[in-house]
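Here come two complexes built around chain A, the first alongside chain B, the second alongside chain C.
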Partner chain A sequence: MKMIENAVGRLIPEEIEGRKLRPFAGVYADKGGGRKAAPPIPAASLYRNKLLKSLDEAIDACEIKDGMTISFHHHLRDGDYVVNMVMERLAARGLRDLVLAPSALFPCHEPLVNLIEKGVIDHIEGSMNGPVGRACSLGKMKHVSILRSHGGRYRAIQDGDLHIDVAFIAAPCADSHGNANGVYGKSACGPLGFALADSLYADKVVVVTDNLVPFPCYPWSIEGGNVDYVVQVDSIGDPQRIVSGTTQITRSPTRLLIAKYAAQLVYESGLMHEEPFSFQAGAGGISLAFIQYLAEYMEKDGIVAAFARGGSTRFLVDMLRRGLTKYILDGQSFDLVGVESLRDDPRHIETNPFVSYNYHTKGCFASMVSVSVLGATEVDLNFNVNVNTHSDGWLLHGIGGFTDAADAQFTIITAPLVRSRLPIIVDEVTTVTAPGEMIDAVVTERGIAINPRRQDILDRLRRTDLPIVPIEKLYNIAHDLSGEPEKPEFTDRIVALIEFRDGTVIDVVRQLVPKS
Partner chain B sequence: MSNVARAGTEIKSDLIVEIERRDGGGIDLDVQSSVGALFGGQIRRVVLATLNELGVKNAAVRIQDKGALDWVIQARVEAAVRRLWPVEGPGVVPERKVRWEHAPKDRLRRTRLYLPGNNPDLMLNAGLFGPDAIILDLEDSVAPSEKDAARVLVRNALLQVDFMASERIVRINPMSTEFGPADLEMIVPVSPDTLLIPKCETVEDVTSVAEKLDELEAAHNVPWRIHLMPLIETARGVWNAYDIAAASDRVVALAFGAEDFTADIGAERTPEGKESFVARSLIVLGAKAARVQAIDTVYSDVQDMEGLIKSTEESVALGFDGKGVIHPSQIEPIHKVFTPSPERIEYAKKVVAALKEAEARGSGVATLGTKMIDAPIVARARKILRLAKAMGLVSEEDDL
Partner chain C sequence: MKMIENAVGRLIPEEIEGRKLRPFAGVYADKGGGRKAAPPIPAASLYRNKLLKSLDEAIDACEIKDGMTISFHHHLRDGDYVVNMVMERLAARGLRDLVLAPSALFPCHEPLVNLIEKGVIDHIEGSMNGPVGRACSLGKMKHVSILRSHGGRYRAIQDGDLHIDVAFIAAPCADSHGNANGVYGKSACGPLGFALADSLYADKVVVVTDNLVPFPCYPWSIEGGNVDYVVQVDSIGDPQRIVSGTTQITRSPTRLLIAKYAAQLVYESGLMHEEPFSFQAGAGGISLAFIQYLAEYMEKDGIVAAFARGGSTRFLVDMLRRGLTKYILDGQSFDLVGVESLRDDPRHIETNPFVSYNYHTKGCFASMVSVSVLGATEVDLNFNVNVNTHSDGWLLHGIGGFTDAADAQFTIITAPLVRSRLPIIVDEVTTVTAPGEMIDAVVTERGIAINPRRQDILDRLRRTDLPIVPIEKLYNIAHDLSGEPEKPEFTDRIVALIEFRDGTVIDVVRQLVPKS
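What follows is the complex of A and B.
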């Protein structure tokens, strides 16, 4: 296997299993080119009655065969029933070697491990975490899997790198024509944007709903003109686990301290005062606390954000209602307040990865965000970030929107410096998810490292009482506390590719040799 | 006596050590750890070295670890061994990783963060939250069955954990219990700044600790005279407040414990705190008469920040110098309340300047405007400036 060193110093095979790979060449090295993929041309006269009686009828109608690629979205998160429901039926028909293309998987999808072991699923393109990630680490997939960011997934589908044969789109609300949204019904989840590319480019599109309403179902996040069939089922998911009733801020004093430092950094660096200000922070414990502290600073100085990028939660909605942000641009809702606000407030706007994250567009708004706050499992001395594998080598997380959101003008990683003895700062990350040139600061409870590329920000922070230190110092503090960890052991076999948002390969994941 | 002993807890950053005494066969060690792939070898090395140092030759040892650091592993192994075998000498004392200057007698003590003595996880980052002091508690937060294990853990923590600028206080058990003297034997040799004496009621409660300290400090070359902070939490203690404060020159402050006190006098604890008003005042009086600090009780509702601020304002109004803290989120609000306003700092600066000017003129009487400045005004001004300086609100050059 011929290997090429990419721009972050990782060795990437030139070709794997007949697939030619492009090594990562730099964040903005890719200049586009070529033609987008296109789905078959249909005729409206053939789509007068799309409503089928059961999933089995839909599977029959789609003529699913061995080796086909089947896709799903993850807006129902850990409450999703549809992935398991469809895959079990496909398995029951004796289908094999299917490629699973979800936008993300959750612990509730553990039954897929069995289907991987049986050969029903050949490999995964998109995302995986938890139990399915473990199976991948152990080399249980027949062929190499591909991990893509949310924007990268849209790009791959749009560009034809990922051809979807059949897309199953779980819909909390749909009509018999296939128009669908995520804001009404018992399984309401908020936006449906992760399914947009699937609906536009798949050969066949099946909308699966537990809330069939008379035409027209509006808003139509998914447009019926792209949908082949509609199936009604009893339930598409467990509402309790689709959105939490109410998201909670962390009570951990350490995490609160990290959030406070991050907000203070945004304030004292002057980033908050540069108009137009905007920010992105997710639903993790530190992020929610960050939003709270940020809101206090904004209120103090009378700052109003042009927009806030969701994952929406009650905390972001609260800022919208208090006039601290003009809009929420929402990719997914994490709690009921978020869902209701998206449904009822015209300033709360549904987005999809095309408008927010896709690099192969004529501009997407990820790069317009002033400050993005993200988590990580490891950061190395070059500021390279790993969000996929843990230090012990297990593949446990998808990329999510990480590489896309890190395109913000200032990207902050927040994480405890030492987490149950594991140091977050390492000399070399186990897996490179994003290159250090995208990362501007790492905020921990024991110090803040600013990327030396951001001398402008360092200059502005000369008089701060924030604990600004070189990243080497954070490394030393962490390793002095935890001791020197051993390294995980891998075989030579590549089990997954980590794709950058432009379609190049930034790193590979190898099969793990588990320690007894 | 059983042949099996366990020590440790299931919380993160801790481990459970289970040791079974055997007659032969050497050490049979099984390690399960959440970080086994990365630290399994290190955990094994630390466990085996600790057993070896304690002279344990034959045993079956099971470890269930959740990311404990070496000094915690050592403490848990030692505690389990001590439950099975008599240990001669000090045990396995880790090297001193952190050195600090002994806290001055009158240092700032606005906040003292309580840390349960058997919980390593809460100790690790405690210094980061900036309390003026941390209290490693061997008393009420530790069950009687775990006193021995907590003692070893606290000893190791004092040597290994960087509590940064915080004063290191250990709350020992009362000397009247079997635990108190044993606490001193193990803790004094590693030289904490200060000991908090609980349920203090009489002069003897202080002198009994002080005498033992004289002896242990000499025997173990402790580099300083350890301070004492009697904790008054009974009617009798309140009544003897001054005598307790004056019982030893080691005493740096009197502290008040409202929970036990209200129970002792047969009252309920109320939000207004009428039931403890007189007691708190008497403690302030007793402490100030003996020229030491007075520290108020904790505010126990960690969610209620408004209540905390109100209660702290009351502490300040009564003359207290600080307050107990049970959650890091209480630290900043309390520090804010204890921070003198800019107006008061400005006024204090003027007072001191006027006094200096008068001294330079050789005049005994200083005036500010039309007002004569007498000794108490100067004393209060100096106290405000000292606080302000400690909080970094005035520059070091500002002369007191």
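What follows is the complex of A and C.
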């Protein structure tokens, strides 16, 4: 296997299992080129009655065969029933070697491990979280898996790198034409944008709903004109686990301090005062606390954000209602308040990875965000970030929107310096998810490291009382606290590729030798 | 030139000017096949600043060359400035042989005739109305023009039959990213759906606006991710002629009677009582009166439409507000009340020809409409309809949405029996726009002809006092009133093709020998 060193110094095979790889060459090195995928041309007269009685009827109608690629979205998160339901039916038919292409998987998808072991699933193109990632680390996939960011997944489908034979789209609300959204019904989840590319480019599209409404189902986040079949089922998910009743801010003093530092950094660096100001933070405990602190600063200085990017939560909705942001541009809603606001407030706007994250567009929103606050499992001395594997080598997380959101004008990593007795700052990350080039600051409870590339920000912070330190100092503190962590042991076999948002390969994940 | 007889008996050349033609084979004969157009893959990093200072800068940036295809939408109707502005700049540069691809043209576009005569414009693919149609009839285009319905135009662009090099999209509201809508600003026109295909498939897309707003411009009927450049100009149109202040119902007793008959027909045929009921009518005087009469019947019997298809007007909006329809699915707004309702009422939904009219989809709304009420210039004894040419042979109208809307479950043509001393019912239409197979009834002030294919409806009307008569009878009455009209004289030269919504050719238009 001929290896090529990419722009972050990782060795990438020139080709793997017949797939030619392009090594990562820098965040903006890719200039596009080529042509998008060209889906088959249908005829409306063949789609007069799309309503089928069962998943089995849909599987028959789609003529699913061994080796096909089957896709799903993850808007139902850990409450999703549809992936397991469909895959079980496919397994029951003796289908094999399927490629699973979910936008993400969750602990609830643990039953898939069994299907991987049985050979029903050959490998996965899509985020892997928890048990399925663990199976991948153990080398249980027959062929190499591919992890992509949300924007990278859209790009791959759009560009024809990831051809989907059949997409199953779980829909909290749908009509018999296939128009579907995520804002109405007992399984309401918010946006359905992660399924947009699937609906546009898959050969066959099946909408699976537990809330069939009369035409027209509106908003039509998924358009019936792209849908082959509609199947009604009793339940597409567990509402309790689709969205949380109320998202909670961290109570950990350490994490609160990190959030406070991050907000203060945005304030004192002057970023908040540069118009138009906008921000993105997730739904994790630190992020939610960050949003609260940020809101306080904004209110104090009369700052109104042009927009805030969701994942939406009640905290973001509260800012919208208080006039601290003009809009929420929402890719997924994490709690009920987020779902209801998306449904009812015209300033709370549903987005999808085409408009927000896809690098192979004529521009997307990611680069317009002033400040993005993201988590990580590891950061190295070059500011490279790992969000996929842990320091012990296990592949446990998808990329999510990380590499896309990190295209913001200022990207902050927030993380406690030590987690599970492992230092967050390392000399070399186990896996490079995003290049240091995209990361502007790392905020920990013991200090804040600014990427030396951002001398402009360092200059502005000269008079701050924030604990600005070189990243090497954070590294030393962390290692003093945790001791030198044991390095994981890998075999030579590559089990997964980490794709950058432009389709290049930024790193590979190797099979883990588990500790006995 | 080898000619083939198509399914409505018209002779269609097998090939013209190197273009292979498919003869019309029946409304649902086309089963799709092949692949959609595959646009070039862009890279977001090349689109950080799209805002240009002038149309000339945009023309430079798009590298427009002789022979290219330039497209426009017609949402600004007879108030549009953008087509003339852009074409004048292209002419000033000495460009020649351009293909003009507007979704429609209006009397305000008369200056184009001069550009056709000068060879700046080679021919037109798109609807031609008024002066430009007249120029086409006189053989002034260098090559054969193509008329398509709104849905047919989307299809042609989507399928790659109509490749657009540069689309100029007039936008009443836009941000610097290129997100655009038609509901805000001094030039507000309502939906922007006729430009959707252009934005998705053209190589280069230029948004031209007189109302640049901060990001995010929402709704984004046109998505910035598909836009190359944004140009701000003083004015994109004359608000007075973009939408009328108030649309007016006809006061002609003849036309009111036709409208009344049409509504009574919908009522007495039982179509109104079949759930889900829906309807589409235009903004012409008869259509507006029809809507009023229909609303009375609906109110009387407590009927609520599942949806009404726009062109929206204050009359349709009034029905929405009175609860007589659950939704308006709007393709274009004809008056200010329509625009404001689209902007403010979440039940008034913007559509585009993909969702509503495109036959090459997995279903579109057209076939879900219960009753469609449309006008015509001629109807023949086989119920074939002409909306393009007049009986004197002049090409004066585009297809509009005719062939798409005629896919409704019951399609009614309303027309006065005689117009400008010419009978509407003829033995053979001058031009076949839509096959009689799609037409269920012709309603005139002197009688109503039901297509014998709809024996089911005839059966239901046995006890009606409506003047149901054979179409031959209408023909005789009309000819008794008008006398035998003089037939137009044509040369052999084909100047335009009438494309059916599936891309087949249903008829040709020949060069007219003008009366001296």
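As a convention for this text, the second predicted complex is superposed on the first by the 516 of 516 C-alpha atoms of A that agree within 3 Å, B and C clash if a C-alpha of one lies under 4 Å from a C-alpha of the other, contacts with A are read in each partner's own complex, and residues count from 1 in each chain.
Basically, contacts are C-beta pairs under 8 Å (C-beta built on N, C-alpha and C of every residue); 3 or more make two chains touch, one makes a residue touch a chain.
Please read these numbers as outputs of a predicted model, since none were measured by experiment.
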Greater chain A contact set [chain C / chain B]: C
Chain B versus chain C as contact partner of A:D392, first or second or both or neither: first
Which superposed partner A:C364 touches (first chain B, second chain C, both, neither): second
First, second, both or neither for A:G9, with chain B first and chain C second: neither
First, second, both or neither for A:T254, with chain B first and chain C second: first
Chain A residues within the chain B interface of the complex: 253-254, 256-257, 391-393, 418-422, 445-446, 481-486, 488, 514-515
Contacting residues of chain C [partner chain A, same complex]: 27-28, 30-48, 50, 158-159, 177-178, 205, 214-216, 218, 220, 223-228, 276, 306-307, 327, 329, 346, 349, 354-355, 358-368, 502
Residues of chain B touching chain A in the complex: 12-13, 34-42, 66-70, 124-125, 128-129, 327-329
